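In what follows, chain A forms one complex with chain B and a second complex with chain C.
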Partner chain A sequence: MINGRQQTIVVEKGANVNIIIIVFPGVSCDVKLDVRLAGEGAEANIYGAYVCGGAERVKISVDMCHNVHHCNSRQLFKGIAGGESRVDFYGKIIVAKDAQKTEAYQENHNLLLSEKAKVDTKPQLEIYADDVKCSHGATIGRLNEEEQFYMRSRGITLEDAKVLQMISFISPVLENITAETERVAVAAEFESHIRNIIRNI
Partner chain B sequence: MSKDKEILDSIADKEYEHGFVTDVEQEFIPKGLNEDIIRMISAKKDEPEWMLEFRLDAFRRWQKMTLPTWAHLDIPEIDFQDIIYYAAPKKDEDRPKEIDPELEKTFDKLGIPLHERAALAGVAVDAVFDSVSVTTTFRAALAEKGILFCSFSEAVREHPDLVRRYLASVVPVGDNFYAALNSAVFSDGSFVYIPKGVRCPMELSSYFRINAAGTGQFERTLIVADEGSYVSYMEGCTAPMRDENQLHAAVVEIIVEKDAEVKYSTVQNWYPGDSEGRGGIFNFVTKRGICKGSGSHLSWTQVETGSAITWKYPSTILKGDNSSSEFYSVAVTNNFQQADTGTKMIHIGRNTRSRIVSKGISAGRSQNSYRGLVKMLPGADNARNFSQCDSLLIGSQCGAHTFPYIENANKTAVVEHEATTSKISEDQLFYCNQRGIGPEEAVGLIVNGYAREVLSKLPMEFAVEAQKLLQVSLEGSVG
Partner chain C sequence: MANDILLKIEGLRASVEDKEILKGVDLTIRKGEIHAVMGPNGAGKSTLSAVLAGKPQFTVTAGSIEFLGQDLLAMSPEERAWAGIFLSFQYPVEIPGVTITNFMKTAVNAHRAGKGLEPLKAGDFLKLMREKMAFVQMKPEFAKREVNVGFSGGEKKRNEIFQMAMLDPTLAILDETDSGLDVDALRIVANGVNALHTPEKAAIVITHYQRLLDYIVPDVVHVLKDGRIVKTAGKELVAEIEEKGYDNL
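And now, the complex of A and B:
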């Protein structure tokens, strides 16, 4: 992935592409994806997880173009912003005219951990066909205090509770890493980073 | 056969029932826009010097501004020199106090009786015809409570202190291209002031009517709700059917002080153009309110069915702690209509809350966009927003788009947004058909159900009309 340069991915008839973007703390990046579903039955799944604890700038932008009918796409991006980091997410689903029977979903969820961190998200839908099912959802929020209370009342420390919450927050993305050794390694790396961030708050 | 034709004719007629023209003698000023024209408008309205200065300043700024192009709209070029900026029905010298019976008839026909005895109980109306307010009903009854409800021009003359204090305090003169244009040439509109602790006993309403050809309407509305007061304000509008496009560029400013509540409802039914996309109103409006004091509340409800092009984003600045705001919208586009509408919620104060529910319906070859901004500033501790934007597509030639902008710079603030796009399900249609409900009626039924959450927020008088309007707007869009 080259920073700042747009990557174009064309998915032809019946093909299937899975992309997983992982951004560890300390990494600033500018990811631009342009995915074109160009043949009937094409499918694209894009997942992303990012965790920032310092002064990172994470920029992700995805254009998901459904150019023909009967294509599916799914996007799931989850991230945590702490420190003085700044996250910008931009994701557009474009369904061309006559691209009927499209199913396109997109989700972007963020946690804000510190006063100085900032998250902007711009999910967009541009739809020119009617027989479609499209949706997007975006949230920017904080760690749920009721969950923390639940865990603490069962003897888990606040620090551990937060770590658990954050790991479970990004795990839906990590689950899509099919190779087991890599999945375990990535999850372990995230966990140690998250522990560090929590300790520094 | 002839019966079929009758039915077809009646449906065709029903397309836009407010499309008639009133034949009254009107006075116009010359076409075009320059400082002399602005001086002329100001002189016609007997305005004080400061008001003229305000207009000229706005005009000079407007000249340096460029048209906004970020909206998802295809706007034909507008020649701002080809518009008449002021048109008013001529007053009959013999009866200066009375309303021209022809005008009265017009408003009667539109369902807005101007006689207090015939008027809807509990609704006071300010009727604006082209560039002037023709009458304001129930003024005496309202004055007893200290409520000011009058035309804007009158407010400038009689309550200059209030107007000067609040005018352009929410929408600055140079806010955007159309707001600057409006500030330079605005003609009439409504002024509302609710004093401290007063609960306005009736619904206040303005009805805007464009009648003259070749003109634009530039109304200005200012609503001030002082501490602890409450008011519900409704706005309606229609225009004749013409092949030309007419410009409507209004500015609405709302100031909500501590613990006050304002409910602002709009049923926008400007002429949308014909089924070929000819004619119709360009509705480029700036509406903004500020929840200034703590605990204040501002609620926007809009039903947008008319206009060839709509560019409108009623917004709230949540400045006071614990203040809250809501935005409920149904936007229907059919044929060649285009709409780019939504809201902005700017959270500044602590514990501020906002809620956005937007329902878009596109049919024919129309394009319907939701565009919204939710912004949490660093001081907005524990602020909360929830947005839901649904789009319904009817037919394969139309488009539905969602462009939310979400910005959060406070770790305790929570923002949630969700949007869906789909068409009316075959199952629902089949269910209705099978019970003897025809396809058109079924679509009407489903659309009304879909928009119900918003329609239920409208004052009763408006809700009935809005429901009918939805049905008519979608006529001919099925099959």
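And now, the complex of A and C:
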């Protein structure tokens, strides 16, 4: 992963780009993406999953620029912050004046596992066109205790209940890894890391 | 006979957020018995079921619960499940992202691990799933759905009985299983509970109304009012409650 340097991606007419950012525990990073949808029908899908359990610093920033009409973008970032980690998410959708019929969506959802972990999320919309469909959403929550009790009442241990909750939380991101071998490998690696994090809480 | 006793609750007091809900409950259940716990809203019926299943938000301040001779209050919710306790929730919880198959596989294998057994083979597990889904008349697609997400009231309760069939508990606690059910779903659920009942097991049916007890006939009926059991009798008490209401008991 390129740290700290801005990566510019230009998507031309009819082209599409799919980016999946995976940040495993123990990894600090500073990812800056500048995506420009520069030709009609261009499409960008950006997904990210991060899990932090120690003292990681994860910074992700995306500028999604819809420069012309009829382009689509979708962003989904989901992450878990435990330990003393710190996550900063900055995502901006910019729709130029002539970029009519834009469809742009962005979501960032976070789970906080500890009192000392910190998540700062800043979703932004800058829209200059008037015929567009855009939305963004950001949440920061904690593991749901009602779900945990329900699972435990079925004999699922508290540890397994938390693993299930956390894996299911990030799985909408992992589902976008089209190569099955890689998808299964990434999910398995996340699961073993998550188990370690839970055991150390 | 003392060794017939499955569950023995003595002097149970429990609070939630410093508010006392159960104010001294005594209840003994023997193998083969079905007990109904009836009572007005706010009497503590759901608290009793939550305390039996070990919900962490409730604090037991006095009393004891013995289940098959073990100190239930010293056990975690999952240990209670392994020991044979099952709670059918009044409001089953939605778990987005977790399929019924994954959920049940984790639960069944956790029970097995609790008993020192190897995980069930994939083929055997799927066979068990299919058999128990048919038992509560669930379609095969059900296995792929996320736990309770977007389920109708009837589907949620059938899912509870499906899980009960999968886990085969010794003591089933049915908390207001009749709420939100139409008559067809009620019949499926009640038939399920009756079919799972054996002389070695017991059930506690918690309900506000007579309706469910027309299908699941209790041996003993208790009335819980303001955190205490105020009356205990045979099944004839159900009709008396229906006629007189809780206020005139």
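We adopt the following convention: the second predicted complex is superposed on the first by the 201 of 201 C-alpha atoms of A that agree within 3 Å, B and C clash if a C-alpha of one lies under 4 Å from a C-alpha of the other, contacts with A are read in each partner's own complex, and residues count from 1 in each chain.
The rule is short, and it goes like this: a residue touches a chain if its C-beta (ideal position, glycine included) is under 8 Å from a C-beta of that chain, and two chains touch if they have at least 3 such contacts.
Source: prediction; values computed, not measured.
Of the two partner chains placed around the shared chain by superposition, chain C is the only one that A:R154 touches, whereas chain B remains out of contact. When the two complexes are overlaid, the chain among chain B and chain C that reaches more residues of chain A is B.
The residues of chain A shared by its contacts with chain B and with chain C come to none at all.
Partner chain C is touched in their complex by these residues of chain A: 145-147, 149-158, 160, 164-165, 167-169, 171-172. Those residues of chain B whose C-beta lies close enough to touch chain A in the complex are 72, 376, 378, 391, 393-423.
Across the complex, chain B is touched by residues 97-98, 100, 110, 112-115, 117-142 of chain A.
Interface residues of chain C, counted against chain A in their complex, comprise 53-57, 76-78, 80-82, 86-87, 89, 92-93, 95-98, 102-103, 106-107, 110-111, 114, 163, 167.
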